[in-house]
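Same chain, two partners: chain A is paired with chain B first, then with chain C.
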Partner chain A sequence: MPNVTVDGTEIEVPEGATVLQACELAGKEIPRFCYHERLSIAGNCRMCLVEVKPGPPKPQASCALPATEGQEIRTDSEMVKKAREGVMEFLLINHPLDCPICDQGGECDLQDQAMAYGRGYTRYDENKRAVTEKYMGPLIKTIMTRCIHCTRCVRFSEEVAGVDEIGALYRGENMQITTYLEQAAEHELSANVIDLCPVGALTSRPYAYEARPWELKKTLSIDVSDAMGSNITLCSRGREVLRVLPRINDEVNEEWITDKARYQVDGLQRRRLDKVFLRKRGKLVEGSWDEAFKAIAKAKPGKSIAAIAGDMVDCETMFAAKALVKASGSDLVESRQTGMDYPTGNLAAVNFNTSFAEIENADAVLIVGSNLRTEAALLNVRIRKAVKRGAKVFVVGPEWETTYPAEFLGDDVSVLGKLPKAVTDAFKDAERPALILGAGGLAAGAYDSALGLVETLGLVKDGWNGFNVVHTAAARMGALMLGFAQDGGIADIAKAKPKLVLALGADEVDWEPFADSLKVYIGHHGDKGAHAADIILPAASYAEKPGSYVNTEGRVQFADKAVFAPGDAREDWTILRALADALKVKVGFDNFAQLRAAMTEEVPALAVEGLADYGSLPKTGKAAKAEGKIAYPIADFYLTNPIARASTTMQRCSAELIHGEDVREAAE
Partner chain B sequence: MADRAPAPDTPELRERWGGFVWTDENAEKARTFVSRYPEGRQKSAVMPLLDLAQRQVGAETNTQGWLPLPVIEYIAEYLDMPVIRVLEVATFYTMYNLAPVGRFHVQVCGTTPCMLRGSDDILEACYKRGMVKGSTSEDGLWTLTEVECMGNCATAPMVQINDGNYEDLTPERLDAVLDALAAGKQPKEGTQEPGRHTSEPSGGPTTLKEMVDANHDYRSEW
Partner chain C sequence: MNFLSKIFTWWNGATIGTMLAAWRGFEHVGTDAQGNKYYRSKKKTGDGRERRWVIYEGSNDASRVPSEWHGWLHGLGEDVPESFLPPARIWETDYTPNATGTDTRYLPQGALEKGGHRARATGDYEAWSPDA
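And then the complex of A and B:
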């Protein structure tokens, strides 16, 4: 490990570190534009110049210079100061002075660094260059005159997303960043280039001219659009969530989020349930809370009560519902809306055991029935990293466009019983083999045969558990931890013919078998569940209530409340608490703290942030034979949940990117 | 540098060039180019292939050749690489023509040494023949471009026409070259100065004179 001296202080830096990293370790700030920790080194902005001895007597780009033994690095010398001023002056030659009308203003690297390291005036009085706007799809707004050619966006789409669609055309002064023929950037992570862009060249189109960063209240939250549990910041002003930004969490989402997580929030303002509705003579009419509770009490459900949880509810809501159902003397609770009925006795068998961070180290991966790009796009990024390190990937299921080389083995789960030699060979040599079972595989009944492969493929090794299940619902693991499941899935509940069914944001349920039940929808959007309901009790979305979520790797995470729910809508648990009074049962909690205490008493793992321990995988005998065609659960990535379906941005993405409608706007 | 932009992506362009495939002869050449690079690095052949494609288009259209978008896509597919990466290369190097050019692509060097030796007169001579910078003459014969240094400073001023360099030009000598080309003849390439062979000193050597006929050891004279 080399020892270097940074501004007079000697430090030891890790092998392979760059001079820039060494300076950071020494606590020195190095301005930079093109350098980004998660992307390859480009070294083309020249902003990170420092003085290094021994070496040529001129400043050197620290981001691309390896730290070696005995280097003397200066970041505070006159030479460095002048170099930074010079580079900044060059960068600003062609950069427009339009900060007042630029959406990046207030969170712009160029603005900040020009203030900190710039000269304050320019000696350039020629014409500036101007670049035409480039169309990059419904999410990315471009003002390419502002571009300083750092190529972060190019490197992101090539290296992280694995979809080569942004490039730098022409050369020198004429260089322009664009997509091929200005086609829309068409992948699930496209909007991350907005965060990466150090200037205002790529900004958010739906959020254009909405707010300045200093006006926004920032709330730490968890994304519920998929089961990854991405860490996000909800930026809100007044009662409105205006945008979502990723939070850095190397264990979960690194620093990316999917486009859906980022842009579905405008759906929080639309199609909201903000009043109580009751079905009278076949029509839903507005009513009051009192009326609704009376109507529910009048149904006299007694023990005949069931609760079905949707994909986006938090653990607290499900626990409150379960407490209510239990207090009424029933145990009919279920969260797998679409009718899946895999065994839930051993949670390790339905968990992503390898963990997202570790899956990067896998050297052989078998994906069974999952289109990772739509179901867990950030996991797909990790698999891509694994492939770059040499992992082989095989997929059972209909073909989808992978962002890495992968071999498709057919779409029938029966192939698990007779895996081709290529697979068995790859797994035989693998030190860290992994199997990823997706929702499509679970629905096709691959659970048993996949579990059988644990032995055959040697998935469990010392310090390595390669058996993984990827869920698609943010609520799923939490629900399973709370025991929110029946042996036979939702069919069991239908068989019991409950008088009262509480639908907690359950929008994907087939309500046909529940025709005779009183269906009470407790949720936030007027979507499929509300259409089928007899009584609608308006509740809070994920942005409007605190709650815990467990992602598909069993990571317990807490989200805060960003804004208040609109109109009469209440936080879900308060509705369930009031309902308990109406049904004259005791649930044992009167406020949120008590609810949480009761919940963590029943499931202690929910009290601790981080990975829950589910023990070891169940022992299985011979691999059970399974047959069935795999179909992926997500047909339209942009419209998978009621919030996204209500979002105009997501609707536009779906229309343009999935259905290929030409909704391109005229250039502004 | 002249403004460059790929020819617009129109249905006519797609119809004309959508079916582009290598000729048998060029397919063989393309395979040779690709085989020069190790397995998995076939992308490295993108530059010779773009040049080959440009020449094939040129042969088909009886011009110097250019790269229509469908041809660029064809090469991207041939090398199994993203088309934006191929377009990046094609737009970076000015020797790839992104728009149709004429039979003869007259590239006049206008960089300092050529300018000092009279490239302005050369350009003027081109203008006199009806050429306009950045466009093709009506008869489809000439496309005029001003380019940066071509490395023939010792024989400046110079003009590159398709694959040939014509050096030591005066407006009259340029006219002679262009007339010959227009008449379908192949004028002598290289220097146009009578008595000069290549870029040797004009008017005979002024230094190292002893070296002209045989090797001479100057070291004892230092």
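And then the complex of A and C:
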């Protein structure tokens, strides 16, 4: 632990810290462009210059200089001030003065640091450099003349995303950042380079010229496009969510979010359910809330009532629905829309037990039936980190393009019964082995044989639980915690032939077996569920209601309400509460606080933010034999939920990046 | 009909009383493009000023007085406006009265009467319809 002196105050810094980190620890702000905590050190912007003794009598780039015992660092001397002014002057020589029309304006590192450390006037009257426009796909807008060559985007795609998509051409002043052959950036995390870019060279294409940062209302929320529960900020103006930014949470999403989480929000303005619809003579026609409630009451469901929850529903909605179903005397509730029927008695057996932060330390990973890049792209980033630290990865399932070396073991689950020697050897030596069971594996019936491997591969050790399940639905773990499941899955509900089925944003259900039921769709988007419904009650999307979500590692997180739901739409729980009156049953809550209190009384774990404790894994005997081909549940990463399907940005991504249609625009 | 409406209405041109007064004590000075007639009193007031009037041809709407005659009504110049104002430029448009409340009023792009098509604004959304 070296002791260094920063501006006269002595501090102790951790081993291996850089001078820049030492200054940060001492509370000194060091301006920087290329340095980023989560990327490798490049040291090419020269903005972080400080004066260090002992050393050469010139300013040093602090980001690339290790802190050593007895160093004397000055960040406030005349030399440092002059050095910063000089670097800033050089950077601004080739940076256009187009802040008024630049989308980065107001949140631009260069703008801020030019104000704080720059000279305030220019001495340069030569011609400025100009760079030809580059094409980086439907999400990233480029104005490469603004680029200051920090290479954060290059390092991100190489190190974090794990795909060599962005690189640099030529040298020195003539350097240009581009995608190879000007193809679109295709990986699932590509838009994170927009946040990384310290200037306006890479900006958001769908958000171009939409708003300035200071006119946006920021609401803390949780992403529902996958089961990772990424922490996001919803930036809204008036009644519209204009953009989504990631929030830093090292436990969950670090600093990244997927492109779908970031760009599906324009779907919130399209195909919205904003009126009540009732089916009359086979056709859906507009109606009023009263009419709808009367029609539901007229069906006289009595005890014959069921609720099916969709993939993006919050816990409160599911609890309200369950309370309504229970008060009517039924227990038919289910959230696994596609018909999966794995046992849910022990929650630890359907949970990501290792936790996302810990999986980075795994040294052998067996992925069963999961295409992590599409199902949990941020988890894939963690696995890549583990591989960089020396982990071996094996995958059971059809081949997909991994971002790290991985061995595919065939696409039949039967291989779990007779694992190849390479796998058993790797796991025998492993101190922190992990198995990741995906939705594809669960659907193919690998649940029992995967649990059997806990014993065989020694997945549970002291302080380490390597049995992990990755879900694809943001609502899944919350639903399972609330007991929103049947033993036989959705088939049990179909067998019971309920008179009334409440579909809470359930769009993936096969409605064939429910032909005789009165189907009430409570949701926010007109998708498959709405087309199949008999009565549609417009509800709020994840941005339009407060709610709790539990991600696939069992982390309880709360989201706030950013905007109001459009038209006649109401928050889901109010609809269910009104429905209880129409059906003349008592659910025991009249406002949101009471609902939350009732919910946390039933499931206390939902009251506390953070990882819920699910106890230990169930004891299994001999591994059950399973057979069946694995198929991944996500065919099109960009169109997995009703919001994304309604989003023009996501549709364009799907057309261009997955189906290869040529929708390229001329460079502006 | 015209005669009856003259007796019972006050909002189209002069009432009968004003017509009588004009016939007795007004001197006709000029007529503007819309046919409104401008008068001045034959007698001066006590402090030596003359009084000036307009009798509208059609509705009694003060905004129908064109700017040059508006000046004249407020005491500008001795004789008709043409006598002291420079001749109208070729680029000058014809005077139009205030159109508020009439069919020729200004309607913004997004007004329903104009078809309701306006540029997209924040918060606009597209509602789902079962036929789509």
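Methods note: the second predicted complex is superposed on the first by the 668 of 668 C-alpha atoms of A that agree within 3 Å, B and C clash if a C-alpha of one lies under 4 Å from a C-alpha of the other, contacts with A are read in each partner's own complex, and residues count from 1 in each chain.
Criterion: a contact is a pair of C-beta atoms (placed from the backbone, for glycine too) under 8 Å apart; a residue touches a chain by one contact, two chains touch by 3 or more.
Just so it is clear, the structure is predicted and the values come from calculations on it, not from any experiment.
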Simultaneous placement of chain C and chain B on chain A, clash or fit: fit
Which superposed partner A:166 touches (first chain B, second chain C, both, neither): first
Touched partner set for A:174, first chain B, second chain C, both or neither: first
Which of chain B and chain C A:294 touches, first, second, both or neither: neither
Which superposed partner A:270 touches (first chain B, second chain C, both, neither): second
Touching partner for A:119 - first (chain B), second (chain C), both, neither: neither
Larger contact residue set on chain A - chain B or chain C: C
Which of chain B and chain C A:629 touches, first, second, both or neither: neither
Per-pair minimum CA distance [chain C against chain B, superposed on A] in Å: 40
For the chain A and chain B complex, residues of the former touching the latter: 164-172, 174, 179-181
Of all residues in chain B, those that touch chain A in their complex: 1, 3-4, 9, 69, 81-85, 87-88, 91-92
Residue ranges of chain C in contact with chain A within the complex: 122-130, 132
Residue ranges of chain A in contact with chain C within the complex: 211, 237-240, 242, 268-275, 277, 283-284, 525-526, 530-531, 566-567
